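To keep things simple, chains are lettered A, B, C and D as they appear, and every chain counts its residues starting from 1.
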Amino acid sequence: MPRSPATDAGKLAVSGDRAAFIDRIKRVRAATVSLTDGLIPEDMTIQSMPDVSPTKWHLAHTTWFFETFVLIPHGGARPFHPHYGYLFNSYYEAAGARHPRPERGLIARPSVADVVAYRDSVDDALIAFVGTASGDAWAKTASLIELGLHHEEQHQELILMDIKHVLSQTPLNPVYRAAQPRAARETPAANYVAFDGGKCEIGHAGAGFAFDNECPRHAVWLQPFALMDRLVTCGEYLDFIADGGYRRPELWLSDGWAAVQSQNWHGPLYWRETEDGGSRVFTLHGERALDPAEPVVNVSHYEADAYARWAGARLPTEFEWEHAAVNVGAADDAARPCAVHPAAAQGSDRLCQLFGEVWQWTASAYLPYPGFKTSSGAVGEYNGKFMSNQVVLRGSAAITPPGHARATYRNFFPPHARWCFGGIRLAREV
Amino acid sequence: MPRSPATDAGKLAVSGDRAAFIDRIKRVRAATVSLTDGLIPEDMTIQSMPDVSPTKWHLAHTTWFFETFVLIPHGGARPFHPHYGYLFNSYYEAAGARHPRPERGLIARPSVADVVAYRDSVDDALIAFVGTASGDAWAKTASLIELGLHHEEQHQELILMDIKHVLSQTPLNPVYRAAQPRAARETPAANYVAFDGGKCEIGHAGAGFAFDNECPRHAVWLQPFALMDRLVTCGEYLDFIADGGYRRPELWLSDGWAAVQSQNWHGPLYWRETEDGGSRVFTLHGERALDPAEPVVNVSHYEADAYARWAGARLPTEFEWEHAAVNVGAADDAARPCAVHPAAAQGSDRLCQLFGEVWQWTASAYLPYPGFKTSSGAVGEYNGKFMSNQVVLRGSAAITPPGHARATYRNFFPPHARWCFGGIRLAREV
Amino acid sequence: MPRSPATDAGKLAVSGDRAAFIDRIKRVRAATVSLTDGLIPEDMTIQSMPDVSPTKWHLAHTTWFFETFVLIPHGGARPFHPHYGYLFNSYYEAAGARHPRPERGLIARPSVADVVAYRDSVDDALIAFVGTASGDAWAKTASLIELGLHHEEQHQELILMDIKHVLSQTPLNPVYRAAQPRAARETPAANYVAFDGGKCEIGHAGAGFAFDNECPRHAVWLQPFALMDRLVTCGEYLDFIADGGYRRPELWLSDGWAAVQSQNWHGPLYWRETEDGGSRVFTLHGERALDPAEPVVNVSHYEADAYARWAGARLPTEFEWEHAAVNVGAADDAARPCAVHPAAAQGSDRLCQLFGEVWQWTASAYLPYPGFKTSSGAVGEYNGKFMSNQVVLRGSAAITPPGHARATYRNFFPPHARWCFGGIRLAREV
Amino acid sequence: MPRSPATDAGKLAVSGDRAAFIDRIKRVRAATVSLTDGLIPEDMTIQSMPDVSPTKWHLAHTTWFFETFVLIPHGGARPFHPHYGYLFNSYYEAAGARHPRPERGLIARPSVADVVAYRDSVDDALIAFVGTASGDAWAKTASLIELGLHHEEQHQELILMDIKHVLSQTPLNPVYRAAQPRAARETPAANYVAFDGGKCEIGHAGAGFAFDNECPRHAVWLQPFALMDRLVTCGEYLDFIADGGYRRPELWLSDGWAAVQSQNWHGPLYWRETEDGGSRVFTLHGERALDPAEPVVNVSHYEADAYARWAGARLPTEFEWEHAAVNVGAADDAARPCAVHPAAAQGSDRLCQLFGEVWQWTASAYLPYPGFKTSSGAVGEYNGKFMSNQVVLRGSAAITPPGHARATYRNFFPPHARWCFGGIRLAREV
């Protein structure tokens, strides 16, 4: 996931109304806490694999961000606790030594209650700071706070990704959120939408917040291509499995086939076979029967790529995806309801499901755009250094906070990652 | 740790007063729960290494024992929960499939509160069963319940071993129990007590409960030997370290030296160096300055053996230890107060600190006595199958429930284990 | 390294003179054997790490290729030995079960002499086949044999990469080939050559052999860029090390920094520090003093990338490299002498050292070109399936057989690989 | 395997005839080289697993022993090669840094021919030294040379253990030595021979060479016991397998069952199932059909223990074995022919197959005898430091040099080791 802002990303915040900005801080910070409704301290302490962090850690880390990058250097604050800087730094080499990531689940104390007290204390100080900072202090920190809010939204998604993995470990199948009743949907036929290609402009242009990895805007040359107008469904993915998808090496990238064998993959991460051969799936609504019309989710890039090969298609490049999304006037990421699980497509005569269901694995390695520059200082430490062995995903997922993503947004994960909400949209030559 | 009873171990229980037995059940079961005073759910969920189990798991597993071996087969009970049999079986192959040991810390649910409800339900049923069982049912189950209580006492010790390790992981240095003020003690000079050896009888004889691995009683032939009258202290162990103890391969068993290097050992498990070269130690009383008069604890067999070699002595065999303990009329394990950390020796003219401070690593591999037979059924599955690659410890520790151990008791752990409360008593040829 | 031919790659062979073709077969096959001059069976048996194959294995595998894909299916041949098909298949899932790659060094028999007999037998049969095949059989096999020769050339390079690693393991520092005396050279100043970018055609065009991953030829859009006119030298790399290059995380990709720490990298693979702080390097000429004017070699992509960041530059993309190489009329890869170690640059007013010294790590992930299609059948199994987690290198190395590479050639290795002959050429924005 | 001499072990040598001693040196050294008949350099270079050493290494290491402990300190010799001390030290911490054991198979040079030259040079110097040493020098070195010869005999056995493992890796099934035709034998019925036990003397007494771990002689007290008069056969072991031996956890020690599962054991190390369900076995005579009358060999202690439990018996302790062997007047280890594979038992009315077929796993952990002292200096470094996590084997094997073993000899290996020639003799209570 991207972390550092484009260099002009703070302009919006600086020029805005501070009272409105305080409201926004309160809304974003409260939204994070509301994700813990129904969770107990036991849930929020566990690290179920090295990639997962305990909910408790996310609550503290997002707070540490504001304390470390805003309040201490610019607000004259003292650290809330002498050990929290060590415990809740994630990956910033420039911000000092830090607790090893795979051991986040070994930390009994601070308790969840202690962490909530930490949040409250930092929130109070941050709101006071925004309300009273001099114009100079404000000019230096507005973009950092803006960044901190986008960073917090990313952790809102991570909290949901991670708690899904945690809750999936116990055979008791807990329900995180009750599902709303939904009418069964037929899967609409898939159509390909064609694009001419040629010289296309890619990347963030000017207005609004963006991460540094979306910049600079630049030209690429695309060959003509076509994109499937909806996501690949669970029913279609069942066909792939039934056709020996996980037993045929010729369908897989070499590293993908090695993962299939060494990790004994037989289907997407949370799919479970019943004794009578049926398929169930663990979701944040609990375990339930597989709905063939829903988009497939929690597959790796390797699985997405193998599926595409089996289907006689391929994955789109990130440039194809962005060009299409921009040019068809994709529905806004902000204009959708919250959810914890993706929904089936409705019939449509245009590209749909670009946002708000599942991130879409692309064929593109995560690499810098021509002329890419990282932000200076610790907050610039993220996006550049992960530009190796990772794959770009585009769009957004049901668990992405509405309004967080955009057509130029570049999400990224290693190709074997399955706990992120990655799914599949197909492309092909014209 | 031993688990299965000697074959006649239930006689005591069968012939006793059922009302008194019910009182004892209540006392033992309540003592387990009282160990959780001051712990929060976060503490009780964590598995800080594969050997450690979460407190929550111990609370449930000891309950599962009575449910699985007594209430379901003999009391007509239905399982309290369909998944608990899988989750809370520890190692009994004969009792069905079980949750992998290294993943006990991944189980968010059942919550601590759910487990307490499980305990309460099984306690009620067990007490009702004991009060109303027919003579026949009682004859079949009394020894199993007796075993279950000794098993529960073992887990009381494990809960303390394990929570010490869990709490040691966070830099916040929590205090599990406040320490009582103690007057500083001078370390008394160490003397060796000599024994003639010859033909000696070893093992459990007749009366009272014992585990199967203490039987059968049999003769061994001992050469003359001498035993140090007190335990090795932290101050003496500091001398060993200062003399290059952890840097001199000639002092170590080959596997011990490999452990020193691969695990980067520089001192006992919970010792910590301060920046100015001082020594502190994490205990269940929190982190504090090292007391040179206290017995050294949380060392492995390898460290005990290396220390002995450095000191020009050796570790006693388990037969020497038992012979000495029986013949000097060792103070009873039951006649001591509870504690969570060992105390310094007082001057004495006889063998002291045999019980109640630290388990004493012996030179003996954990092997069956001549004519050893395991109990039949799942409860007999433990002691025999661990008779490989383990070393015997004798005595008992501060955290052992008073009255649990005895002179013939054979505790055992792998030679690299440091989280058990193992310490050092020296022996030598005469 | 690439393996499968572009779909029209056999045309050249089919239309050529068979007698000349037989000469070429003899030359290529003899060149492979000549690489073993001075090696003893002990050298040729060892697999010094999983990526390395024994020389003996390379000799047999390149032979197996002709036997399996040409002589058995098209020439009616019987396998030379019933077990060789299993032992000497490298990675072709479609060609049946195969011996595990990391265990190639466990195979005592067949002996080197047995493998040479296998080579001789297959050579005789292949030459007879080419001389006598019907027009139809020839049309089916010419491109396969052509491919087999390019494949064999790749293994000639692998034999040298691998034996360098094998011989570096013993403290006896064997000399594989005596070095010719060379006059010391001054390092010429580095200049950047600028290019305008814009719409550029990339990939193999029409005539001559190429691998499938060089196709199809297609347009890309390049921003203006500049390329350093020579390779980075050992002397410059020493400055990077002296400036803390291997101790400063901010210079490294995240995965690169993890490799530095976990594998304890302090310099390029074969560099050795002497006790007085001098630098020596193991080469196929034996161990010798580091020559500051020579190009640095045996660095990983991570090291190349960190060096470039330290130098305030970046690595070129593979498209920038190819565009530059094509447009400056790069000296032909075939027009250079054989060598086993790269040579220092001579002063020049143009891009030099593009070929024949060290492969040049690019900033490009190894991915398919738009419209890429794999060849059908087992021989098409290679290039496509490795398009994940690998990085493209361009140019060629001293150990690449002259004439093997070309401006469109795409070599590839994982970013951590150091035993391949990877070096550094810098690029920057204009 | 034991390595250090009992403290008086050199007396024999000192007092003997030097010319006869020189003859013995020549015989033992030549016997080692004769084991390489029929091996090629490829065979002698490979390390097929970390426990195995290349033949080449054994040839050099046994030579290094005489050079390092005799010729350099006592004969004024210069090292033959500056790197051999590092390369061919096995485990002697006191003899300086050494090449890592698991990397012995990565050493291409010195070649086999170089090592043979090293042997010849050291042999010449050693023989000259023995012929001309002053009485004082002789008194200091005779026991070291004597030890070196016993050490060399141990490596003769290791060469055969190791080359069997190496040759078993290739599907070509090489024949190391052609088998002599043998008449098929019926397996004689097994009988138990009873012993009274009581106070028994154990350990080496006075005359002749012994290793330090056989001392001091001391009393033990044995309960009455009985020993099977012959070894367990392959046919009997087939019955164990057919009865689900490798699928029933209740038959196994816990660590043994873990080994069965993690290493996927289905039978002894070199047993192979044919496609039609038959059993074949790889031997130093090549692969051949299993002979049910032969003793089972290449089983671990875990398998021996599980077999014994299945058979309603147990393994003998090392004291029971020695007491029986001494008291029945066991046939001398020296009075048997050389062989590379064990032979079936012939009918007998006494304990047979004690020596010369397979080492017999005991129930005894490898621990020091009461009063055990290691030899001083580097040569005393072996036996003591391995007294942890190892199990004693008694007797000797077909591949043990005749005359090497004796009734008090204590061989030892970790309980999971299968490449040593361990087999099974049963014991039981009377």
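Criterion: a contact is a pair of C-beta atoms (placed from the backbone, for glycine too) under 8 Å apart; a residue touches a chain by one contact, two chains touch by 3 or more.
Here the structure is a predicted model, which means the values were calculated and not measured.
J.: If you apply the touch rule, which chains end up adjacent to both chain B and chain C?
T.: Touches both chain B and chain C: A, D.
J.: Whole-Å distance, chain A centre to chain B centre, using C-alpha means?
T.: Measuring from centre to centre gives 47 Å for this pair.
J.: With chain centres taken as the means of their Cα atoms, state the distance from chain A to chain D in Å.
T.: 60
J.: Determine the centre-to-centre distance between chain A and chain C, using the mean Cα coordinates as centres, and give it in whole Å.
T.: Chain centroid spacing, chain A to chain C, equals 38 Å.
J.: By residue number and range, which residues of chain D touch two or more other chains?
T.: Within chain D, no residue touches at least two other chains.
J.: For each chain, which other chains does it touch, given as pairs?
T.: Final set of chain pairs in contact is A-B, A-C, B-D, C-D.
J.: Note which residues of chain C are touching chain A in the complex, please.
T.: Touch residues, chain C against chain A: 91, 93-94, 199, 218-221, 223, 225, 249-250, 252-257, 301-302, 305, 363-365, 367-368, 370-371, 381, 385-389, 415, 429.
J.: Quick check: in the complex, which residue numbers of chain B touch chain A?
T.: Those residues of chain B that touch chain A are 40-46, 48, 56, 83, 86-87, 103, 105-112, 166-167, 169-172, 174.
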